[in-house]
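Supplied in C-alpha cells, the structure appears directly below.
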Amino acid sequence: MFFHRQELQFKATPDQPDAVFARKLQELLGGQYGEITVALQYMFQGWNMHIPGKYRDLVFGIAAEEIGHVEMLATMIAQLLEKAPVGVTGKALQDDPTVAAIVGGMDVQHAIVAGAGARPVDSNGNPWQGSYITASGNLLADFTANANAEMQGRTQAARMYHMTDDHGVRDLLSFLIARDTMHQNQWAAAARELQEEGYELMPTPSNFPQSKEYQQVSYQYLNFSDGKTAAEGSWASGPSPDGKGEFTYHDGPTTTAPMPPPTHADSRFYGTTELPNSIEKTAGMVQDKLNKE
Amino acid sequence: MFFHRQELQFKATPDQPDAVFARKLQELLGGQYGEITVALQYMFQGWNMHIPGKYRDLVFGIAAEEIGHVEMLATMIAQLLEKAPVGVTGKALQDDPTVAAIVGGMDVQHAIVAGAGARPVDSNGNPWQGSYITASGNLLADFTANANAEMQGRTQAARMYHMTDDHGVRDLLSFLIARDTMHQNQWAAAARELQEEGYELMPTPSNFPQSKEYQQVSYQYLNFSDGKTAAEGSWASGPSPDGKGEFTYHDGPTTTAPMPPPTHADSRFYGTTELPNSIEKTAGMVQDKLNKE
Amino acid sequence: MFFHRQELQFKATPDQPDAVFARKLQELLGGQYGEITVALQYMFQGWNMHIPGKYRDLVFGIAAEEIGHVEMLATMIAQLLEKAPVGVTGKALQDDPTVAAIVGGMDVQHAIVAGAGARPVDSNGNPWQGSYITASGNLLADFTANANAEMQGRTQAARMYHMTDDHGVRDLLSFLIARDTMHQNQWAAAARELQEEGYELMPTPSNFPQSKEYQQVSYQYLNFSDGKTAAEGSWASGPSPDGKGEFTYHDGPTTTAPMPPPTHADSRFYGTTELPNSIEKTAGMVQDKLNKE
Amino acid sequence: MFFHRQELQFKATPDQPDAVFARKLQELLGGQYGEITVALQYMFQGWNMHIPGKYRDLVFGIAAEEIGHVEMLATMIAQLLEKAPVGVTGKALQDDPTVAAIVGGMDVQHAIVAGAGARPVDSNGNPWQGSYITASGNLLADFTANANAEMQGRTQAARMYHMTDDHGVRDLLSFLIARDTMHQNQWAAAARELQEEGYELMPTPSNFPQSKEYQQVSYQYLNFSDGKTAAEGSWASGPSPDGKGEFTYHDGPTTTAPMPPPTHADSRFYGTTELPNSIEKTAGMVQDKLNKE
Amino acid sequence: MFFHRQELQFKATPDQPDAVFARKLQELLGGQYGEITVALQYMFQGWNMHIPGKYRDLVFGIAAEEIGHVEMLATMIAQLLEKAPVGVTGKALQDDPTVAAIVGGMDVQHAIVAGAGARPVDSNGNPWQGSYITASGNLLADFTANANAEMQGRTQAARMYHMTDDHGVRDLLSFLIARDTMHQNQWAAAARELQEEGYELMPTPSNFPQSKEYQQVSYQYLNFSDGKTAAEGSWASGPSPDGKGEFTYHDGPTTTAPMPPPTHADSRFYGTTELPNSIEKTAGMVQDKLNKE
Amino acid sequence: MFFHRQELQFKATPDQPDAVFARKLQELLGGQYGEITVALQYMFQGWNMHIPGKYRDLVFGIAAEEIGHVEMLATMIAQLLEKAPVGVTGKALQDDPTVAAIVGGMDVQHAIVAGAGARPVDSNGNPWQGSYITASGNLLADFTANANAEMQGRTQAARMYHMTDDHGVRDLLSFLIARDTMHQNQWAAAARELQEEGYELMPTPSNFPQSKEYQQVSYQYLNFSDGKTAAEGSWASGPSPDGKGEFTYHDGPTTTAPMPPPTHADSRFYGTTELPNSIEKTAGMVQDKLNKE
C-alpha cells in the first residue's frame, strides 16, 4: 500500500517562468531514465522478488521516494509554465522573435493538452512507456540495471544544471543530483553485497551450468572491426573479472559455419521460390493442388 | 563501413520445426535486450564517442559481431518455421488440439506477414524500437548499461535453454550464452579500466563539481517503506563505494518542504480555478475580457 | 511524497497456478484502463490542479490507493505464475496438449523476461504508455474521463470474473469491482458538485464566450449515415442537457463549402504539380532556378 | 459503406500562412482526442454494438461527420503550410530570427516528409494510434468516454482559438467548437436516455450481481493522502449517485492483509533466491539436476 | 465530407464462430498493410495533393471504398466472436484442451476489452499507428507505395484464405483479394500514366537537378557482401530503367574517406574525453571553471 | 557475419555547426524511410528469402552498404552538434533570439540524452521501430516496397538539400541522392527481371488461383467519391497492366449486401443489449443465472 503526504522532499519553486526549460525537465520526469522509470522499475523488482529481507526492503524503500521525485518535477514544471508566454498571447507578443522562439522551444502539448501542466512524456513529447523498465528476478542483473539508470539520470541532470541560471531550478537539480549520487553508490554496494554473500556471481546467471555453454568462446575477444587497439585493453588478455577464465584476443571469429540453404515454406504462403521448368506447367500444378482443397 | 560475408559465426540449424519456440527466440533477436539492441547500442556509442583508441575499437568490434548474431537468430527462426504447421493446414489437422495449441503459441505474423520468416519484433510481437538503446557519451554510464544488457540477455537465453530439447537450438543458445559470458566480463573489465585510468570515476559523471550538489543527502539512505531490514545492508552504514562518503540510515526523509500553492495559468487555458463570488458576475467579466480580443 | 507499507489492502492469493489467467490480469494492471493508468491519471490531475481543497485532496487520496491496486495485481500475477508450467518443463509435459495450450495462452515474456513475474504491460503484451492518461486542468472534463476509466475498468473486471473459478482470484476481483463501484459513484458525485458549485458547467469549458462559437450548429443533430431512427432520440429534439439550447434534427449537413483549390508548395519540395506545356522547357527552368542557389 | 463528396462542411481557408499554427492544429487532427480518434471510436462502437436502432444510427451518423472534420483540418493545415517559410529558403532568410523561430516551432516532418502537407500525428509529432479509442460494447461506459472525448476536444480547440488572430482559422475553430457543444450535449442526452430506458444503470455494468462484489467497501471513501478536506465532498457522505448506497468517509483503508510471502519460481528461471547453507554445495546440486536433463 | 450507408459492399457472415481466425483477420483490418492503412493513406494523399483532376479523384474514390472494407472486416470479426468460447465458459469447458487452445490462439482483448468485438489493432494486438501511412506529395513515389500496400495486402489475404475452411470467411477474402487485384493494377496504371504524361519520371523526384547529385556513383552496383552472383542481374550492367545511365558492377565501394576524428562536445555535457595529464589537476581546473558560472 | 572497417564510403564533415539541421538529418537516419529502415529491411528480406543466388546476393550486398550510410549520417550529426550552442551556454547567449531559436529548432535529446551525439530517432524524436520494415517472402511485393523506400528517401534528401548552404552537408546529401538514384533503378530492374524470368507476375502473389477470387470485381473501377474525372484515367478502361483483364468504370459499388444483424455476445461480457420487458424481471433472471455459477 502507498500513502501520500502533501509535502515535498525538497523545495521546488523556480525564480521565474521558463516554458523551454519546463520541456527539458520532462526528460527527468518521463524519459527513458526519468523518475517514472526508476519508481516503477524498483516497484516491479520488489513485487517480482523471490527473497524477503533487506534487498526487498531496499527496492521498496527507494521506489516510494522516486514517485515523490516525479511529484517534485511535475510541481516544478507547472510553475515554470504558470506565467510563461506559451502561445496564448496577444498578436504583438507573438511577433516578438523571443516569444516565437519560446513557442518553438516549448512542448506545445503543455499548453494545448495540459493547460500549462506537466505531462507523462519525455523532452521530445514521447509518452513514457512500460518497456523502459527492467525487472528480471535476477538481482545482480537488475541492480546493474539500476546502477546504470542512476548514472544516466545523474548525467542528464548534470547537463541540465548548466542550461539554466534559475536558482530555484538549480536547487532542485542539485538535490536530485545528490540523491543520484546516493543511489549510484547504493546499487553498487548492493551488487557487491549480493556477490559477497554468494547470492549471485558473475557471469549472471551464475548457476547456469558451465558445461552447457560453448566454453571455447567464453573468454575470447573476437574483433569484427579493423581497429587494432582493442587488443590493448584488459578485456583482451589476462584474467577475466569473474575469476573463471583468461582473456584471449582474436582478429575476427574463431568459429564459422556455412549459412544453411534457404528455407522453403509451404507454397500457400506464396513466397517466391526457385523457378520451375516452365511457368505454365507449374501454374497448372499449383492450380490443381489448390482447387482440391 | 560494414561488409557482409555469407557465413555464420556458428551453426544455426534446428533438429525439427517448432513454431512456438521460433516465437520465443524473437525475444533474443528483437526484444528490449535482444541482439538488435546491443548491435545498435554499441554502434551509436562508437559514433558518439569522444576519444579514439581502444574503447572505440572495442565498441565497433563487438557491434559488428552482434549484427551477425541477429543473422544467426533470424536464420534459425526461418528454419524452425519451415515445415511447422503454422495455420496453413488441412481442416483435420487444425482440429487437432496439438496443432491448435501450436497456432495459439506461435507468432501469427510469422505466417501471415512474413510467410514463415523472422520479424524485427520481440516474443510478444512488439516491434523493436530505438528507445531500447543507450548511448550517452559518458562511457562509465554506458559500459554499465552494456554490462546490464549482456546480463539480461544471458539470463533470458539461459531460461530458454530449458524450454527446448532440440539439439540444434540448444547448440546455438550455448554459443550465444558463451558470448554473453565474454561480453559481461569484457564490459566489467572496460568499466574497471576506465576508472583505473582516471577517465571517469564514481559517481558518474565524476567531474560535476561536488560543491554544486546538495551534499547533505548525498550519502543518506532514506527509507520510504516500512521494511526495517534495509538498515542492515552495506548501503546504510560504512564507507560508500565511491570512496567519498559515509553512508547513514534514516527512516523517511531528512528534508521536507511544503507543496507550493496551486498554479493559476492564463484564464484562456480554461482550467478550473477558484470559485468567484458569483458565477454570473464572473461569467460577465470573462465575457467582457474575451470579447475585446 | 509517497510512503509504502508492506501490507496489501486486501488478500491477493490464488488457490492454484494459472499462467493464462495471469496474462489476462495484466489488462487490469497495465492496460489502457488498468490501475497504472488511473494511479498516474489522478496524480497528474493533482499536480496540474489550479485549486486547493477538496477536489485536490480527492485526486491525491485515490491516486495513492490505486498504486496499491497495481501492487495487489502484481502480487497476484507472480503467484499465479509461481508453479505454473510456463515452458520450462520436461519434454513429455510440453507435448501434452494442455501444457502446450497454456504456453499458447500465457504471456511468454512472463517467463522469458520476468522469470515468472508481473510486467508493466496489458494482456496482449503492449507496454503501458503515458498517452493513456488524461489531465487537462479542466476538472469537469477530467472527472468525466475518470468516470469513464472506472466504468471501463469495472466492465473488464466483471468480464474476467467469469473467466476463472479460482476463489482467491475471484475474491480479489470482487474487491476491485467494489472499489470501482465506489469510484464511479465518487466521480459522478464530484462532477455534479463541480457544476452545482459553479466551477464548471456544460458545455465544457463553460466560459469560452458563446458569441465566439458558430452558434447556428451548436444544437443541430446532423445525420451523415442513412439510419433513420437517430431522429427518435432525446438528442434530436427538445431541450439540450446544458439548458442552453433546443435540439433540432437534420439529415446531412446544414452548411457546406467548396473544397479550396489544391495547394502549391515551393517547387523545392518536389511534390507533383500541374503539367507544364512541355517537360523539357520546365526542366530547363527549374534547372536554371536551382543552379543559381 | 462510406461515400465521399468533394465538399467541406464548412470553409477552411486561412488568411495567411502559419507553419507554427499548422503544427498546433495537428493536435485536433491526430491527437489523443483529435478527430481521427472520435471518427474511429464511433465507428468501432457501431460495428461492435449489440442493438439495432437509434443508438447505432447515432454513432454511425456522427462517425461519418467526424471523418469530414479530419478532412477540414488536413485541408486547413496544407494551406497554412503552402507559402510559409518552412526551411526551404535562402540563407539570408534562415538567418532571420523570425524565420528561425518558425522552423523551431513547426513540425519539420510537415516539410521533409509531407512536402508541406498534413500528417496523421499530434502536435508533438507522435503518430496517431489505435489505443486512443474506446469501444467496449457497454454503451453507458462508451457514451461516457464519448462525452469525455468531446469535452477534451472542445477544451483544446478553445485554447487554440486564443493562439491565433487569423480569421480563417478562427472561423474553422468556432465551427468545430460549436459541433463539440452539440456532441457533448448529445452524448449526455444519450447516456441519460440509456439509463431512463433501463438499458444500463450505474454502476456500469449494471447487471453484474451485487452479491458478487465485496460490498463492504462499495461506498467507502478511503483517503490515502493526508488532505483533510476530501471529507467535505458529496462523495464522502450522503446517498450515492447510483441510488444504491450511502457514502462513508475513512482515513486510510478499512481492510488490510499481509503481503503474501515472496514467490519461488522454478530454479531454471535463474531468479535470485534464498542463500543456501553453502554456495558450493548448492552449485553442485543445481549442476547435478541440470546435467540430468 | 463522408457519408455512411448501412449496407456492405459484400456479404460478410461466417458459417460458424472462430475466435482464432477473428484474431488473424485483425491483420487485414489494423495491420501495417491493413484496410485502415490504405483508407487513411489514400485520404492523406488526396488532402496533400497539388493537382486537381483525375489523380485526386482516384485517391478519394478508393479511400472511401477502403473504409467500407474496414467495416466489412469489423463486422465479420464480431460475428466470428459472437458464439465462440472465448474464455467466459464453464470450468469443464476451459479444461478441454481444444477450448484452452482457442483461448491461447485468440486475441484476449477481443473478450476483455471489446466484449466480443473488433479492435483497431493487428493480429498481434499492436495498435494501428499513423506511421504506417505514406503521403509525400510526390505522386510517383506515393503510387509506388500504394502498389506495394496492395501487393502486401493481397499476399496476406491469400495466405489467410488457406487458414480456414469457413465458406463465409473465404467468400469475403475472395472478394477482398479481387479488389486487391484491381487496386494493384490501378496503381500500376496510374504510375505509368504519370510518367507517360510527364508529371514525374524516374528517378523520383525527377526534377532534382542532376548536376547536384554525385553522378559518379549514380549507376554503380557496389557489392558489400561476398555473394558473387549479384553481378549477373540486370542491375549490374546494361542500361538503367530510367534511361539515363549505364549500370556498372563493383566489388565494394568505389569511394572512401577516412572517418573524421572523434568530436569533443562542450565539457558540460560530461562525455568521456581524452585523459588529462593528471586527474587531480584537471578536476581542479574543471571545478574552477564551473564555480565561476 | 558482418565486419566493420573504420572508414566511410564518402566524406561526411560539415563546414560549421548547425544543431537545427542535425535534427533534420535524423529523418534520413532513423525515420520511416531512413537508412536504418532500408538496412534492416534488406537484411530481413535476405534472411527470409527462399531462393539462393543473385536476388539474395543483391539484398545482402545493399543491406551492408546501408548500415554504412547510417554511420555516415551519425558521424555528420555528431559533428554538426560539436560546437553548436545547444543549450549549455551562458545566460547572455540564451537570451539572444538566434540562440533561442536554435534551441527551439534542435532535438533537445541530442543535448540532454546523447551529450551532443546522434540518436536512433526521426526528425521529430520518434524512436525508430521495427514496424517500418517489410519482408514478406514474396519478392515482387518486397522489391516494390524497396523501390518505394528509395523514392521516398531520395525525395526527402532532395528537400533537405535546399534547407542548407553548408558545403559539407550538401556534399554528403548529393552522395546519398546519387545512391538513391542507383537503388531506385536497381529495384526497378530487379522487379522487372523477376517478372521476365517468371518468378512472379502481377497481380502478386501470382499463383493464387484466379478461380478463387471473386472475379466479377477484379477489374472494376468503383468510384466512392463524386469526382468525375477518375473515369478518364487508364485505370478506368482498356487492358489492365497485368495483361489479364479489361478495366471498367462504375460510379459506386456494383455489389452490395445488407449489414448482418447486430451480434449478441455472451451476457457475461456485459455489453448493452435489447431492452427486456421489465428491468427488474431481467435483473432477477441474470442474478439467478449468475448465482448458480
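To keep things simple, chains are lettered A, B, C, D, E and F as they appear, and every chain counts its residues starting from 1.
Operating definition for what follows: a contact is a pair of C-beta atoms (placed from the backbone, for glycine too) under 8 Å apart; a residue touches a chain by one contact, two chains touch by 3 or more.
Keep in mind that what you see is a predicted model, and the values were worked out from it rather than measured.
Q: As a multiple of 5 degrees, what angle does the CA superposition of chain A onto its copy chain E give?
A: It works out to 180 degrees.
Q: Among the chain pairs A-D, A-E or C-F, which one reproduces the interface of B-E, with more than half of its contact pairs identical by residue number?
A: A-D
Q: Where the centres are mean C-alpha positions, what is the separation of chain D from chain E, in Å?
A: 24
Q: How many angstrom lie between the centres of chain A and chain B, each centre taken as the mean Cα position?
A: Computed value for the inter-centroid distance: 5 Å.
Q: With chain centres taken as the means of their Cα atoms, state the distance from chain B to chain D in Å.
A: Computed from C-alpha means, the inter-chain centre distance equals 27 Å.
Q: Pull out every residue in chain F that's touching 2 or more other chains.
A: Each of 1-9, 32, 48, 55-57, 60-61, 63-65, 68, 75, 78, 88, 97, 100-101, 103-105, 111, 113, 115-117, 121, 124-127, 129, 131, 136-138, 140, 155-156, 158-159, 162, 205, 208, 212, 224-225, 227, 253, 256, 263-265, 268-271, 293 in chain F touches at least two other chains.
Q: With touch defined as at the start, can you tell me which chain B residues reach chain A in the complex?
A: Contacts found on chain B: 6-13, 32, 53-58, 60-65, 68, 75, 78-79, 81-82, 86, 88, 90, 111, 115-117, 126, 129, 131-132, 134, 136, 138, 140-141, 144-145, 147-148, 151-152, 154-156, 158, 161, 170-171, 174-175, 177-182, 184-186, 188-190, 192-193, 202-205, 208, 212-225, 227-235, 240-242, 245, 247, 253, 255-260, 263-266, 268-271, 293.
Q: Spell out the residues on chain E that touch chain C in their complex, using ranges where they run on.
A: 1-6, 48-52, 55-56, 87-88, 91, 95, 97, 100-101, 103-105, 107-109, 111-113, 115, 121, 124-127, 136-140, 194, 197-200, 205, 207-209, 211-212
Q: Give the list of chain F residues in touch with chain C in this complex.
A: 155, 158-159, 162, 268-270, 293
Q: Help me check something: in the complex, which residues belonging to chain F touch chain B?
A: Within the complex, chain F contacts chain B at residues 1-9, 30, 36, 40, 43-44, 47-48, 57, 60-61, 63-65, 67-68, 70-71, 74-75, 78, 113-121, 127-131, 133, 135-138.
Q: For chain F, which residues are in contact with chain D within the complex?
A: Within the complex, chain F touches chain D at residues 20, 23-24, 27, 31-32, 97-98, 100-106, 122-126, 155-156, 159-160, 162-163, 165, 224-227, 252-253, 256, 261-265, 267, 269-276, 279, 282-283, 286-287, 290-291.
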